[in-house]
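Each chain carries a letter (A, B, C and D) given by its place in the written order, and its residues are counted from 1.
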Amino acid sequence: MTTEIDIQHLGFALRHVWLVPAFPLVSFVLVGLFLRPLSQKLCGIVATLAVFSSWMAACGIACEYYTLCPPGGEHPVLVPWAFEWLRYQPGMTVNVGVIVDPISVLLMLVVTTVSTLVHLYSIGYMKGDTGFGRFFAYLNLFTFSMLGLVAAPNILQMYVFWELVGVSSFLLIGFYYQKPSAVAASKKAFIVTRFADLGFLVGVLTLGYFGYTLFGGAAPAITARTAAHCAMPLQPFDFLYLTSPEFLARFGALAAGSTGITLLTVAMVLVFMGAAGKSAMFPLHIWLPDAMEGPTPVSALIHAATMVVAGVYLVARMFPAFAVSGAALLVVAYVGAFTSLFAAVIGTTQDDIKRVLAFSTLSQLGYMMLALGVATMESPLGYTASMFHLFTHACFKALLFLGAGAVIHAVHSNEIWDMGGLRKKMPITHFTFLIATLAISGFWPLSGFFSKDEILAAALGNGHYGIFAVALFVAGLTAFYMFRIYLVTFWGEHRTDKASHAHEIPAVMWIPLAILAVLSVVAGYVPMAKFVSIGAEHAEHHGINFAIAIPATLAALLGTGTALLLYTGSGSRADAIARSLGGVYTLVKKKFYVDEVYLFVTHRLIFNLVSRPIAWFDRTVVDGGVNVSGWATRASGHLFSWMQTGQVQSYGSWYAAGAMLVLLVLWAALI
Amino acid sequence: MNQLLASIAAYAPGLREWLLLTSVIFSIGLYGLLTRRNAVGILLAVELMLNSAALNFVIFNRFCMPARIDGSVMAIFVIAVAAAEVVVGMAIFVALYRYRGTVDVNRMDTMKDPVTSFEGPVAFNKEVLDNINKQYKSHHDH
Amino acid sequence: MIGPAIYTVMFWVVAASTVLFALAVVNTRKLLRAAIALMAALSTTAGFYVMLDAQFLAGVQVLVYVGGIVVLIVFAIMLTRSGELLEDHPTPERRVVGAAISIMFLILSAAAVWVSPFAEYSTGKTPPNDALSIGKALLDPGPGGYVAPFEVISLLLLAAMIGGIVIARKTPPPNQPFTSGGDLPGETDVYTPLSQRDPKRGGPVS
Amino acid sequence: MTYLTLAATQGAFKTVTVSERTAQAFADGSWILALVYILAAVGALGALVTVVGLVLIYAERKIAAHFQCRLGPMRVGWHGILQTVADAIKLLLKEDVIPERADKAMHLLAPFLSMMATVMILGVLPYSPILQIVDLNIGVLYVTAISGFGVMGILLGGWSSNNKWSMVGAMRAGAQIISYEISATLALLVVVLFSGSMSLAEIVQSQDAGWWVWRAHGVGLVAFIIFVIAVTAEINRTPFDIPEGESELAAGFHTEYSGLRFSFFFLAEFINMFVVSAMAITLFLGGWMPFHIGTGGAFNGAMDLIPPVLWFFGKTSAVVFLIMWFRWTFPRLRVDQLMYLEWKVLLPIGFVNLFAAAVVVLYNLYPFPIIVP
């Protein structure tokens, strides 16, 4: 059934959707320019209140949207507010606006929720830091950019906010800019994501170019269908147009040269390159573990819950195009599956608590990608599952990071071997961390169980047995490495003085933990399939499918058991296994030497073979040319310097003579 | 008698004679502008030129559009501009004299080479004052 | 018949004297004599204005030039001691160049005047060229009026006055050879003779 | 019935200047008559200069003496009445000394410039309706402009003497004259505003209904006072005689002059006093107009019987006496006080007064009609 929607008559929240990104923007300007020198407390409160206001606005939007289009029905795309931003020519305009559809509503909720809690937490975590105001200004900038990205109704706006998000991530990773490692990490993140965004940009331009040329044929039908939902007329860059069957049918028919690959696939793979950069898919994952140099709340907000899922969101947003391409979707699935396995394996050997969590994030992002990759328009369960996992993962991963932050705050170290026995010192942190660990490991009845379950079901249901096997194995690995850090951190003896003098965190920090813990428990009971869906068919919410739940739970139990076996009591058993594995262990511990490979390629190959010749060319040929022109100018100046006596009257003589000459010439020309 | 008067009146100036006159005055001013060594002298020459230009306005007004008075208005503007120019020019010369001890434009060549031609007021002024005294003496001796 | 004859004689006599005065302006070695010659040349120009039926303009010319500008120039000559010494003769090259250029200009403009076909009108009756009509033209905001240039000229005169005062102030403050000398807080108000100035900074020796 | 209307009804009154008569004569072709007119005008001017000079110098000495309870010159002629003539003869017979290092040409030119400026102004003054040499339609402007030559004469005289006192005196005089000229001009402009004309004859006629000094509702009076102060300074009379302050500068710009040339400067000063007084009465006190009270009546009729020329010279003498009176009433100002008085007192008052006058004229705030030619 089709819901009749008139864009002119919407509720307050939908009419003022721009409020969601506007609050953090205003707060960013306020805090960054005016409040920062005044008072730390004021900065924190204003910034947090602004994001909280955004959260309320997002809640309002969600309520109104699902009142308008009840769960279980069809969920049309609305663009209730937009304005013209760039006008290249008639029929080629780029608007800035806010899109409202299930996934953007979901993302808005996730972003504002996690952001609010992280802001609150940061008031405690960053207390006394000299860069307090700057930190909150950056956080607000990030929140604004992320919401702008989520709300983008066209791919160009998304690209702009995509880059803004990258900038704020860069700023926040390099927040402790006195530390060389933080500077290096921020540069690394920036350069890697920029490299990926190059692909994205080419993809955007490809889409835009063909979108524009095919606009006349495809647009009228789409416009007729969606005019009532949009505040501004349809434009070539709009997602509504780019993901419409009319456009995709035409675009999918174009082949890229004689390669046998369609242009659509090329464009989608390029777009996916951007998504992979932002979501840190292999081989562009190398920036994310280093990004943990930023303050821990930043890791929780940006590098676990929100920004890194932007890639997943982009793929979901463009999903119909990927689905039509097919090959591109396979790329997504295999890259996701591989990253998931790869990161999980590395995660089992790392000692830095935040790094383990970072690799866990990589792994889970791979999960979401593979879920998208296995979905099709006909059986879109993976799509829903991916969004579902995105949602639950945001809750428990933010919780994990904030808990890790609390521990780091108490122990002043990132190494898990510096901790130990913290469960008595920090009971709340311990309890919430345990909940999150259980949730990510996929134990019933916590949220991770349900979302993972759906992903596995989707993989199995669409016949991707290999991927299903990988996912199942990764589930076991996840349980193993999560319990590993949990046990080492909270159980056993105090290994250092710091750990023995640790204290429970203040209320302003544990309240967000508690809220997130509650969310991690209950998030799984949201009937996501009713809310988020794609295509005509609604994914069936199948309840607990024991054919999948039992192996998944078994895998989790196996991982947990192994961890318990190895990391309770003395650590000798773990060491023994590590020794017995030998080179393999070192390989994994060194993260498969990916960074080193990158360094080799960039420093040795590219530097010697490309950069040096170019530099030589620049210094001798280009600079030489410039120098020659400079020399020529000077020489000619020298030639005529006798005319420059420095005396007004000689200048006057030249002027008068020249003027008369000109007069004569003009006169001659006139006669 | 009337015959004589008539023959004299035959040489009554027309537009071309008037314009020729102003051209001559302007050329003389131009000559002064290019040859005078004293800055005040240059300003005098400029006044001559401005004056002939103002006169041209009135001449054209009188001969080419006698029904209007725009030429007179423009001449008044020229006079006002000349006044402003003299005020600023004279102020500059007085300040310059106080600072450098001379208004000889041949010495105003710091634009050419600041290192060799300008060493600062004291050294410069001694030289210039000596020069002035010498000239003053020679002028009154002969 | 007597009127035109007198007019003609007057024109040629006054024109000749004007040219003579102008030559004196550019050739006299004594600058003050040049200024007096300029005064004479400007006064005869006032006579030209009378001949051209612009009596008001003649009055303004004498008032502003003789009563103001020439007096100012004479003051400047006295203050810069330019009147006390004979100005050096210009170098022969400069004379030649100046003469060549000015004669070239004269030939050029005379030729232009001679060959140009001017549209001369003699309506026989000229409108009153007096203070009233000039004032009306100056303050007329409509098309053909001059109120905007008039205001701009007023501003120019004001700016010139202020600029002249600022530039010609007596004592240059330390480090600033030419600026507002003296009246600003922190600046010395004592005139420092040239011989006691710091050669590097222009201000008094500290 | 006012003088003008009376004269007009009787057909006896018609403003005719000498220049108009000369032009008429030329037009009629009567050469001789024209020549006679020209010569008469020149002769009259020369006689006027001589007589006024002699009378004023004598008056100055006598008035000064009587202010100081002295008798003054008593020997030559009755009550010393020929004393000035004797002095003049002495001056003419004296050796004309020119300093050796003076700029001779300029030294000779300076007194003539001063004299010329004065005499050229005498030519446009309306002594009576039928006694005026030229009536310029820019008369006021002309008078202001020509006085600039006087400044040039003084500056030249001071500079060419090659004497530091002369030079300082000349520069002081120059600065003083061009400063006070501004105030004097502002005061003149008030009358120009009221009468709507710059022709001196027309300005006099515009006062038919009342002299501007009181008819203009206060602004005229303020303008008159400013004018008298300013012109007193312009002619270097005490208390503004700083340019020639004997105690500081010997005799100021004419220290180095002697004989005939000195007498030119000297004479020019006195004639200047006469000229500025004449200007003051022409502009503010009705010129040759008789003194009337109300309209008609026997008093006015009796006043009308006195010839305009007598009115003119009588009023002028009164103002001259006023200026001479100043000399023995006020002490000499210092240079800074002089400049203070002009730039910070008279000039602002003059501007405000001019503005007020403009408002009065623009809104017709005075009950008498203006004569607009």
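Here is the rule we go by: a contact is a pair of C-beta atoms (placed from the backbone, for glycine too) under 8 Å apart; a residue touches a chain by one contact, two chains touch by 3 or more.
Treat the numbers as computed from the prediction; the structure is a model and nothing was measured.
Novice: Would you mind checking which pair of chains has the most C-beta pairs in contact?
Specialist: B-C
Novice: Could you state the distance in Å from the CA-based centre of chain B to that of chain D?
Specialist: 34
Novice: Centroid of chain A to centroid of chain D, CA atoms only: how many Å?
Specialist: Roughly 95 Å separates the two chain centres.
Novice: Rounded to the nearest whole Å, what is the centre-to-centre distance of chain B and chain C, using the mean of the C-alpha atoms as each centre?
Specialist: 7
Novice: Averaging only over C-alpha atoms, locate the centres of chain C and chain D and give their separation in whole Å.
Specialist: Roughly 29 Å separates the two chain centres.
Novice: Could you tell me which residues belong to chain C and also touch two or more other chains?
Specialist: Within chain C, residues 2, 56, 60-61, 68, 75, 94, 97-98, 101, 105 contact more than one other chain.
Novice: Listing for chain A: what residues touch at least two other chains?
Specialist: Each of 649, 653, 656 in chain A touches at least two other chains.
Novice: Going by the touch rule set out above, what shape does the chain contact graph take here: line, ring, star, complete or other?
Specialist: Drawn as a graph, the chains match no named shape, so other.
Novice: Which residues of chain B touch chain C in their complex?
Specialist: Touch residues, chain B against chain C: 2, 4-6, 8-9, 11-17, 19-21, 23-38, 40-41, 43-45, 47-48, 51, 55, 58-59, 62-70, 72-73, 75-77, 79-88, 90-95, 97-99, 101, 103-104, 119-123, 125, 132, 135-136, 139.
Novice: Show me the residue ranges of chain D that touch chain C in the complex, using the header's touch definition.
Specialist: Residue list for chain D touching chain C: 26, 103, 105-106, 109, 136-138, 141-142, 144-149, 151-152, 155-156, 159-160, 167, 171, 174-175, 178, 181, 198.
Novice: Applying the document's contact rule, which stretches of chain C touch chain B when the two form their complex?
Specialist: 1-2, 4-5, 7-9, 11-12, 15, 18-19, 22-23, 25-27, 31, 34-35, 38, 41-42, 45, 48-49, 52-54, 56-57, 60-61, 64-65, 68-69, 72-73, 75-77, 79-82, 84-88, 90, 94-95, 97-99, 101-103, 105-106, 109-110, 113-114, 118-123, 126-127, 129, 133-134, 137-138, 144, 146, 149, 153, 156-157, 159-161, 163-170, 172, 177-178, 194-195, 197, 199-200, 202
Novice: Contact residues on chain A for chain C in the complex?
Specialist: 649, 653, 656-657, 660, 663-664, 667
Novice: Could you please specify the touching residues of chain C with respect to chain A in the complex?
Specialist: 94, 97-98, 101, 104-105, 108, 112
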